[in-house]
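Labels run A, B and C following the written order; every chain starts at residue 1.
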Amino acid sequence: MSSVASLHSRSVWRTLAADPLGLMGATLVGLFVLMALFAPLLAPYDPLKIDVANKFAGASLKHLAGTDQLGRDLLSRIIYGARTALGISLLATGLAGAIGLLLGLIAGYGPRWLDAILVLCFDSVSSLPMIMFALAVITVLGPSVTTLVLVIVLISIPGYARFIRAQTLSLARSDFIMAERVMDASHLRIILRHLLPNVIGQLLIILSMDIPVVIMLEAGLSYLGFGVRPPTPSWGNILYDGYVSLRQSPFMVVAAGMPLVLATLGFTFLGEALRDAFDPRLQLKVLK
Amino acid sequence: MLNYAIKRIALALLIIIVVMLAMYAMVFLLPGDPATLALGPRATPALKQELQIRMGLDQPVYVQIWNFFRNAVTGDLGYDVWSKRPVAEMILEVFPKTLFLGVVAIGGALVFGVALGCLAVVWRNTWIDRLLAILSVSMISIPSFVIAIYLLLIFAVWLGWLPAIGAGEAGDPWSQLRAVILPAFAIGITWVGYIARLVRAAMLEVMSANHIRTARAFGLPEHKVITRYALRLAIIPTISILAVGFGSILSSAVFVETVFSRPGIGTLITAAVQKRNFPVVMGTVLFMTAFYLLVVTSADLLMARLDPRVRDVFRG
Amino acid sequence: MSEALVSVEDLSISYASEAGDVQALRHANLEARKGEVIGIVGESGCGKSTLASAFINLVAPNAKVTSGAIRFQGKDILKLLESQKRQIRGRHIAMIFQDPMMAFNPVLPLGEQLIDFQEHRHDVPRSEKRARATAMLERVGIPDPAYNLGRFVHELSGGMRQRVAIAAALLMTPEILVADEPTTALDVTMEAQIIHLLRELRSDHDGAIIVITHHLGLIGELCDRVYVMYAGEVVEEGRTEDIYHNPRHPYTKALIDCDPAHLDEPVAFLPTIPGRLPDLVALPSGCSFADRCPIVQERCRTTSPRMIETGPQHRARCHEALR
């Protein structure tokens, strides 16, 4: 509850700045965001331009991170990969958060029978091994970016919805909402004026803590060939290209893995620092 | 206890049924049918019809669903039209390899995770504790397949110490053990970090309890207080989370088995998804879901056994 | 009169807190002699729990000994090495903890714990430790001790738990037995039984027993001498009958008047001492009981009283003690 008020407070940012890991995370995240926003300006080459004569080039002044099996500049591909990774994870977590919020409010505030059905659905999806569910959906719909986003949204919704439902249930029993009820306030008013502002701060922190997991899912599924399809650069398929050419050019796989390591670390450190500053009770999620 | 067990198992079964219905709903609500999807654009009507009959798609939907459930209960998960083998047989052939991988990974993660957690408690609020905390978060957040590829590069390609691919020779435990080390490490490391954090938090909570003070008041040495009195309690939440961990490890196995070209559930389902081989995907998903729920439910029941207080709550 | 077995000399302990140092114990002096049962009585916050944990050398991590010593066998036990402290705990000084439900490990059978508590006997085989644990349970009146050794703490009744806690403390035949609120967690009938057991024990225990409680009745039943504590200080000490029949400190008087056992006729409300404990972070100058004292004088506000001899073995920290 306090998290909303404190979202605006300066002291929280000071707490964050005092935490060296959080600061490091914020810096890394900032770099990746800049990379994604200004990819065309930052990338030295066209990420799709093939130059077979120059394939598997090591790091040099011309190609700071070398080139891949088709002679494409790896740094440019990695920079555009940030666009893919952040774009997909922000879109997917945003959508999942919005739908989760809606379903959670409905379950928590709506009629009992609807709540029971929704909870059963949430529990069914969240009690599946995530990847198994993802692969099943991909098989049905066929691999594509749309499917990837849909899969991530589907597997993320139950967690958010259950969280919002729990918060809504406890809030709905609180005195000030009881008082509103007695005053004959409309349900919409109660939801908009009281429930929403109270739950949205915590939801945002949970979403930020889930971003590294989503980045990893996008990369992992793209690595397997079920996500972003080549030639569009994604950290996952760049890594796969490196893996396939491991014996020709081990450097490529090392370079391709780094942005994934740094981005997941950066987002996790930042998420943890935000969590510690706003709401220490929330838990770090592990891919299931 | 029995009541609780029955309730847990009923819930697990209900979840499996809901999941299967949802998957069938997806298949039939979408344009096209599994046979067309599987054959791709080159399908001739004759070929398609033949496949539809072989997959049982000519029958009404409710008959198909009923058949699927009836067969699943008797252990028949359908028939793979490509390899012309029963899906259940394909799964059972590779499942022990994935299970072995998972058990080694989670076993190793438990040993190292508990050890790191205890170290952090012994050195609490020193730089060692802080270093372990950073290490734990890093281990949790770095994707397992990136770790897998780095391990492969270092230990298999450069150093040549361990095999890069496969699951070892059949009937040769030594080669199987060598082959499982890198993939198990890649999968387990996430859980080393997670367990270390969990154990540390649980231990710190337990260490402030009165009974720890009692043990100290009777002159028990600190190492005995930690291992015999605190850990025994702190391990209980860890065990309940390990079951979830097992599910997570099976998920990471999908990626890591692919990296190490290791036969297993992960490589089986990945190949099936690539071919859009619906019976194999569906059979594997059903099997793994059932297995996962089995593990989670047993862990719940085991936890009730381990903690005599919980046990009595359920009894009463 | 025999020599002191353990003596607390000028002991002060404070806790670091956000508001400042909480002076939980201030210049406490007390001693327990061989074969003697002493009582330490006071309301919560008077410093008696701090004193109890100092006896077994297990003060909280944020506690600091600012002055004084606890002398036992010629040494200050507060200044020993951790390994030497451990040698004393359980073996020479043992504690009967309050609320034994929380004092035993919930997931380890009681027998295992009673065996572990004999840690100091390295040479003794496990089977013998087990036999000793069984004998001790028998001694404190637990029926079927062999069976109860295999049970968990939550499976026992409150009275049984307290008996097991007493048995645990007796395992190593310590010279000093510290009983911290031994009957607080019990109902009246159970309390009577435990008091009976403790009285039995004192007849064949040749060390010293220190009973720490807020319950005057328990002191009267068990103790030879009493120390009354208020706001971290010993405010009165003396033989039990002197304290009961001729209390010299107004706080002791108030405490006795509040004891329900002292009421002769039914009343609508139990009597209480008006006012509150002083702030232990910023103590008032003068007597710490001044604000609540019915006979407060001008000098009480400015000068702290010293211990004044009021009779044989009877002293009180009050300017008006001889009045």
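The rule we apply is simple: contacts are C-beta pairs under 8 Å (C-beta built on N, C-alpha and C of every residue); 3 or more make two chains touch, one makes a residue touch a chain.
Values in this document were obtained by computation on a predicted structure and should not be read as measured data.
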item	value
Central chain (by mean CA position)	B
Most distant chain from chain C, judged by the mean position of its C-alpha atoms	A
Rounded Å distance, chain A centre to chain C centre (Cα mean)	57
Whole-Å gap between the CA centroids of chain A and chain B	22
Distance between the centres, which are taken as Cα means, of chain C and chain B, whole angstrom	54
Residues on chain A engaged by chain B in the complex (per definition of touch)	21, 120-121, 123-125, 127-133, 135-143, 212, 216, 219-220, 223-226, 239, 242-243, 246-247, 250, 253-254, 257, 260-261, 264-265, 267-269, 272, 284, 286-288
Parts of chain C lying in touch with chain B, wherever the complex brings them together	56, 58, 86-91, 94-95, 97, 99, 102-108, 113, 116-117, 119-120, 152, 154-155, 168
Complex interface listing, chain B residues touching chain A	11-12, 14-15, 18-19, 22-23, 26-27, 30, 37, 134, 137-138, 140-143, 145-146, 149-150, 152-153, 157-158, 190-191, 194, 197, 244-245, 247-248, 250-252, 254-255, 258-259, 269-270, 272-274, 276-278, 281-282, 284-285, 288-289, 292-293, 296
Residues of chain B defined as touching chain C within the complex	209-211, 213-221, 224, 228-229, 232-233, 236, 306-309, 312
